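I've put the structures underneath this note.
Both complexes below contain subunit A, partnered by subunit B and then by subunit C.
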Partner chain A sequence: MDWYEFFEDIWDEIKDRGYYISGIALLIFLPSILGASDTPSIPILTDIYAIVGNIGLFGSTNFFLIILSLCAIWGIFAASWDILSGYTGQISFGHAIFFGLAAYVGYWTSTGFQVDPLLVGLLGTRFSLAPAVALIFSGFICALLAVCIGILALRVKGPYLALVTLVIPLIVASLFKLEIFYTLTGGDHGFPNVPDVLTPTGILDIDTLNFYIFSISVLLVSVGIMMLIAYSRYGLVFQSIREDEDAAESLGINLAFYKILAFAISAFFAGIAGGMYAQYRSIAVPSFFDTSFSFSVIIMAVIGGIGSISGGVVGAFLLTILIEILLGDIFPSSVLEGVDILAFGLLLVITLRYMPYGVARAKSDQKKAIVFGLLFALSWAIIPISNFFEFLSSISIGNIILFLAMVLITILTLPAIPVFFVSEIVGLFVLEGLMGLSLSPKALIKAKFLIYCIAGIPFAYYLPKVFKILRLRFWGVWPSVGRYEPE
Partner chain B sequence: MSFLDKVIPPDLLQKEKWIILGLTIFFSLCVIFPFIVQISDSGLNFNLRLDSGIKVNIFAIQTGALYALLAIGFSLIYGVAKQLKLSLGGYFVIGAYCQFFLLETMEIVPEIRTDIDGLMFLGLVLLPILLIIVLLVFTFTLFSFRDYLLILVAPVISGGSIILIDGNLVAGFYVGLAAIIISLTGWYLELPKREIALGSFIYALSMPVLYILGFPSIYFSLMILSVVFTACVAMISDRYLLDTVRHSHISVMIVTFALALILQSIVQVVYFPQNGNNFTRFQSIDWSFPGIVPKTGITVIFGVSIPTIRLISLIFSVIAVVLLYIFIYYTKFGIALRAVSQDEEAAALVGINIRKTTALVSGVGMGLAGFAAVLTSSFSARPLWNPFMGWPVLIWAIAVVTLGGMGSLGGSIIAAFVIGYSEILVSTIDPSYSVAIPFLIVILVMIMKPEGLFGEKKEVE
Partner chain C sequence: MTTTFSEKQVSNSQRSVLIEVQNLSKHFEGLKAVDDVNFKIKAGELIGIIGPNGAGKTTLFNLLTGFLKPTKGKLILDEKKNIAGLSPHKIAKLGITRTFQLVRPFKLLNALENTTVPHIPKSKLTRSSTLKNKATWSLITVDLAEKKNYPAFILPHGDLKRLDFARAMAVQPRMLLLDEPFAGLSVEEAFRVERVIREANEKGMTIVIVEHKLKILMRLVERVIVLHQGKLIGEGTPKEIANNDEVITAYLGTEAKDYE
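Let's look at the complex of A and B:
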């Protein structure tokens, strides 16, 4: 074995996991890129963000970090749904039960119980846990509940299980709202001031950067554990249960044990996500049991890709950023309600129609189309506004890189000039003329970005195909000399 | 042996006698309970009182009938097309808002407006006229000349006479449109053509006569229009969205859920924000079963005063169930439905159009949901007017269907009454338990008998 083959192998591994590695690196270095205080600044990237960020596409740094922490929470939740439903095939339509229960358990344990008089000597008069420990504790409680539900689930299969799990959180929520449990559950309004990891006193003003670091690290650890489980022998057993229960049983797999195990693992991480969400919102209310929570996690996992743990995380990031940052500003809920739900539904139907395995497991040309479409959209949104000469006036490495990138993208998008204008005219006509919205300048840029995304992703998908056809017709096989690519 | 062959499979009756016994005991207890026990502030009183007993019973039967309407549609679709459609709630919303929209457009004064809202409204008013012309041309291709004459005369007679009597142009056009829609629906259901023609002619003659006698025939035709519209939306979406994922339960559930989200938020986005201001009646609707009875109307039966809406809703749900029964057991397409539910491949071999059958069954089921929406549109407690009113409906329908057994029509009806009775009885004692207790019953039954009370034991693929 030659010495360079080792590096070639490593390079192949890196190339295969390029999206993951770049995504994780982006998440880790993002605070520095955004220029949050108390972080080491990375010169080139910070320069680029200073230019891009001025346009106001992502809002202020703090806001963006908060949204990203929310993304991380949803990512854990979606991945936990995926390990139960995508891997094991036990479709749960009521995953919010673990989410809500964990919120309450986190509150109870972190604010403290009055301890039974017999145990005073052992535990002290009040028994409470640190919020971070309470997270894990509530995860275990959820796993315990999941074992009970899992035993129930052994009787019902497939769509019946989905229907039963759809109903269970509603029963629990209506029990939580009863008056006789008021001291335990806080009734309709639940509890305010859930103490979080960073401010144990329960003050609302959490430290954004630290919460971001905390949630991202929890995301990486828990999704890493879930992926380890999924790629281990257990994951193989789960998949075999999904594919054919009878065949799996005939191979000697203990169906009951593995189904309940899948329920417990899934519920544990869903519980951690629920506890973090309660800390993020600083409340624990019965509406955490709502069907909307169960289904938004399903939508995220489906859009990201069922049956791949990372898919749920991808879906959660895409959808949360789309809804919280873009749609939230373009269509404020005071003007137009329900746009986010419409976007959820349309995206779900379109994804299932064109990419039935989601974004994470899409075909490579579709994946590239999404990435390049987003890049096109970003550059189209930036180019009309930014002043080209401003880059040259202060020469730094970041400016030059950005300038070159923009020149490249401009050259690439020259064939798309009609698309650009059509999307601009049609989109703004629809938004401003037909729907009667009056957009603020920042919201206008977000709206443009959204419209360019809608136009840019199909464009990025069809451009190489059209280019290939034209190339074959006019120049033979040029410019890829000597390589013939059959359809 | 299919679920549709008998309402309840006879061998099940012999095998599972304890279910029948238990249900009999349950229902007799439920019927007797409100006669004997009264709830007051001091606690439970044990007296024999007739009025409260009759009232609670009628309430419970009406609730049960409504749930039966919803659950039958859900169950029928599962039985024939083997699909679990979570979009039931979405069609419920569409049905309610369609009825309301038709009602609103009748009130519009045709004034000349140049802004976009005004133009849209003018277009929507002119839509029925255009539709009438297009559909008449289309009908010409389907029927023989003698039948076509009757069908052509029907909208002219009914619409024209309503315009003459009532003076409302739009209402007349809607009544005429309903006449054509009736004949086209009959054609789609493959009923005998002569009977369709006669039926639409009888409709046309009866509308003005009934109107003079005091029957709200305009609203009746609006109801037909909105139910058929709901069914059309259901069939079109079934055809274009579910065709590729037809055989996977989970994909169907996810797609139909997304569909429900889209339908609900389309109502929310397109209908409300700007155009909501133009609606005169929207904020305070005083009429229910839109237009027929005042919301506060009260009928006295056996000395007990009962809201008229509930009585009318009860009557119409019973009529709908009977019509569905006739459709399934006595028409050509009903036979096709039963055949498909028994064996899809064999049915295709005999020459039954599977695709049309599944589309039609989803149309019928969702049309029933739309009908239920029209019936309940403004009850005091449940469905209040908002685009989210479909979700509780869906949840209740699921509870009923899982209790009664998936795909069993008779089971769904009985389970609907079980749920309705338990809900109403519990809510007379303590309203805060009225959601939890019926669901607990469902869960307990599911633990003991996972296929439901009258479901068949069958492996789910």
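Let's look at the complex of A and C:
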């Protein structure tokens, strides 16, 4: 093979995975870009964020990092649902069973408990695990439970897994709330102070930067493992079961074995996500078994894209940031409860209408529209607040690049000027006047940013198309070097 | 041509019995879909099963491959093992597999992945490159190698028929049951499928075909089994069957006989 071909192949591979690579790089370098303490600063990007962060869209650096850790946890959970339901086609409506169970198992094993007298010789008088080991241990316990459920529900054809998983979390949650199990489960209130990996004593304030690094590395490793499984021959068998059970079985594939295998893998990673969530919230309570957990993970995976492990992660990041950073401040729960469910439903309908295979497998122009729409929205949020020339007061490369980017985006998006008026009207008149919200300046900028996003994505989608029509109408093909020259 | 045919006739008597169907019955709530059927299939034979609609041909296939459990009767493999009532994947591992009446590809997988799947359960430890080569070879045998990266849902019907065939062949079965392999194919496509079937049979695979296109079937197979209302009403070479009064009655009704 030629070296040239070799590099060309590698470049093609990189180009195909452009979104993955840039996403992973962003996640890894984010603390530096945000300027978290104890991190090396990246020359240009850190300067830019210093200005962008000023508008108060993402809150403080610590807050943003902790929200991203939450995103990572949800990402693992959504991807684990996807490997069962998206890849193998066995729909689970109660994945929260593993989420909640892992939280409790993690608490039990990491705080330790008295060992049965018969086993003292084996384990010592008191058995406890380090929080990181407890995390993996609870994953295995979840996989074991999945095998038990699977043997009952997956050996027969039909929608029995969906029915069983719909019920089991409710049963387990009510069992855990029973008074007779109080010493074991902590009753209604569960357990406070779940020890986490970084502060084994379970004190509330955790080190945000380290927790971010921890959760992102767990995300990358576990999603990486899931993707390896999905692209291996086992993933192929899972997909064939999803596509046609009878045909797969006639080819010698043991349906029950592979379905239970997929369920166990899925439960293992769901368990890890649940254990991390308990560490993140520092509690283990019966509400972890709630149906809302099960359904929001389904919605995340559907919006991100069923049948592609990365889709669940994308959906989890988009929705969690939307809920926790934007909607949580605009509509506090005292004013409008359940705004997250409302947003989930609305986004689900829009996604299924325009991108039936989810964001991760949308057409490339739609993906670009989302990326550029978010960039436009961000810059529209910055432009009215900042004074352009303030950037130049301290001349650094970052400032100049940001200034040039602003100028470029301003010129590009001049037709979107009405969006500003709409955002003023919605922000001040509708939200404050009609709905009676008292928006703080921070919430107001978030509300405007939301409107910019809603306007920016369609705008970014139609901008190149309109530009192309105009160009062909008034200019012809450009650059017209050797390609097409009308006489 | 005639010499090869007679050679086959001679060797036919020496072949071992692959599967023996004994008193096989399947009743659905009183409907006798397959009723007390007995016949033998020898290794390397090319057999056709015909019969009017609702005669129980597909039910017979489902019984042979384990998709249905028989109400009564035995399926003796190699004159020793009773395989009646085993699950389909176990029967597939014993060397009996099938295609379906309607094409059932794995729609979202591409052609290569479609033929990779059947290789997986047998070869858990082979390297993935070997697996890929095997799958590619399966596609080459049915002339689909140039379309290996196409997802199955965009392939035309004729290609899907051959893809189904390649997928079943990839199990390397001893006996292959084809459910209407020529249905909905153009003359040219049917000819290609016919050639592929003939090649597989010449390599020693036992093939059983259910088909309504009698013209193709009769020139392809060595022996024909006729079912009518769940009962076996005739068995013999295509020529014998074509002259069998009972078969003609079953297919065309009693009035047809009066016209003769």
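Observations on the structure shown:
One rule holds for everything that comes next: the second predicted complex is superposed on the first by the 451 of 487 C-alpha atoms of A that agree within 3 Å, B and C clash if a C-alpha of one lies under 4 Å from a C-alpha of the other, contacts with A are read in each partner's own complex, and residues count from 1 in each chain.
One rule holds in what follows: a contact is a pair of C-beta atoms (placed from the backbone, for glycine too) under 8 Å apart; a residue touches a chain by one contact, two chains touch by 3 or more.
Just so it is clear, the structure is predicted and the values come from calculations on it, not from any experiment.
Once chain A of one complex is fitted onto chain A of the other, the partner contacts of A:188 are absent, as it touches neither subunit B nor subunit C. Residue contacts after overlaying the shared chain place A:16 against neither subunit B nor subunit C. In the superposition on chain A, A:168 makes contact with subunit B only, while subunit C stays out of contact range. Between subunit B and subunit C, it is B that contacts the larger number of residues in subunit A. In the superposition on chain A, A:159 contacts subunit B only, with no contact to subunit C. When the two complexes are overlaid on their common chain A, residue A:233 makes contact with subunit C while staying clear of subunit B. When the two structures are aligned on the shared chain, A:255 is found in touch with subunit C, with no touch to subunit B. Contact with subunit C, but none with subunit B, is seen for A:244 once the two complexes are overlaid on the shared chain. Shared contact residues on subunit A (touching subunit B in one structure, subunit C in the other): none found.
The touching residues of subunit B, when paired with subunit A in their complex, are 84, 116, 241, 244-245, 249-251, 253-255, 257-262, 264-266, 268-269, 272-274, 387, 391, 395, 398-399, 401-402, 406, 432-433, 435-436, 439-440, 442-443, 446-447, 450-451, 460-461. Listed in rising order, the residues of subunit C touching subunit A in the complex are 65, 67, 87-89, 92-93, 97-98, 100, 104-109, 113, 116-118, 120-122, 128, 131, 167-168, 170-171.
Residues of subunit A that touch subunit B in their complex: 91, 93, 152, 155-160, 162-164, 166-168, 170-171, 174-175, 177-179, 291, 295, 298-299, 302, 335-339, 341-342, 344-346, 348-349, 352-353, 356, 433-436. Across the complex, subunit A meets subunit C through its residues 232-233, 236-237, 239-240, 243-244, 246-255, 307.
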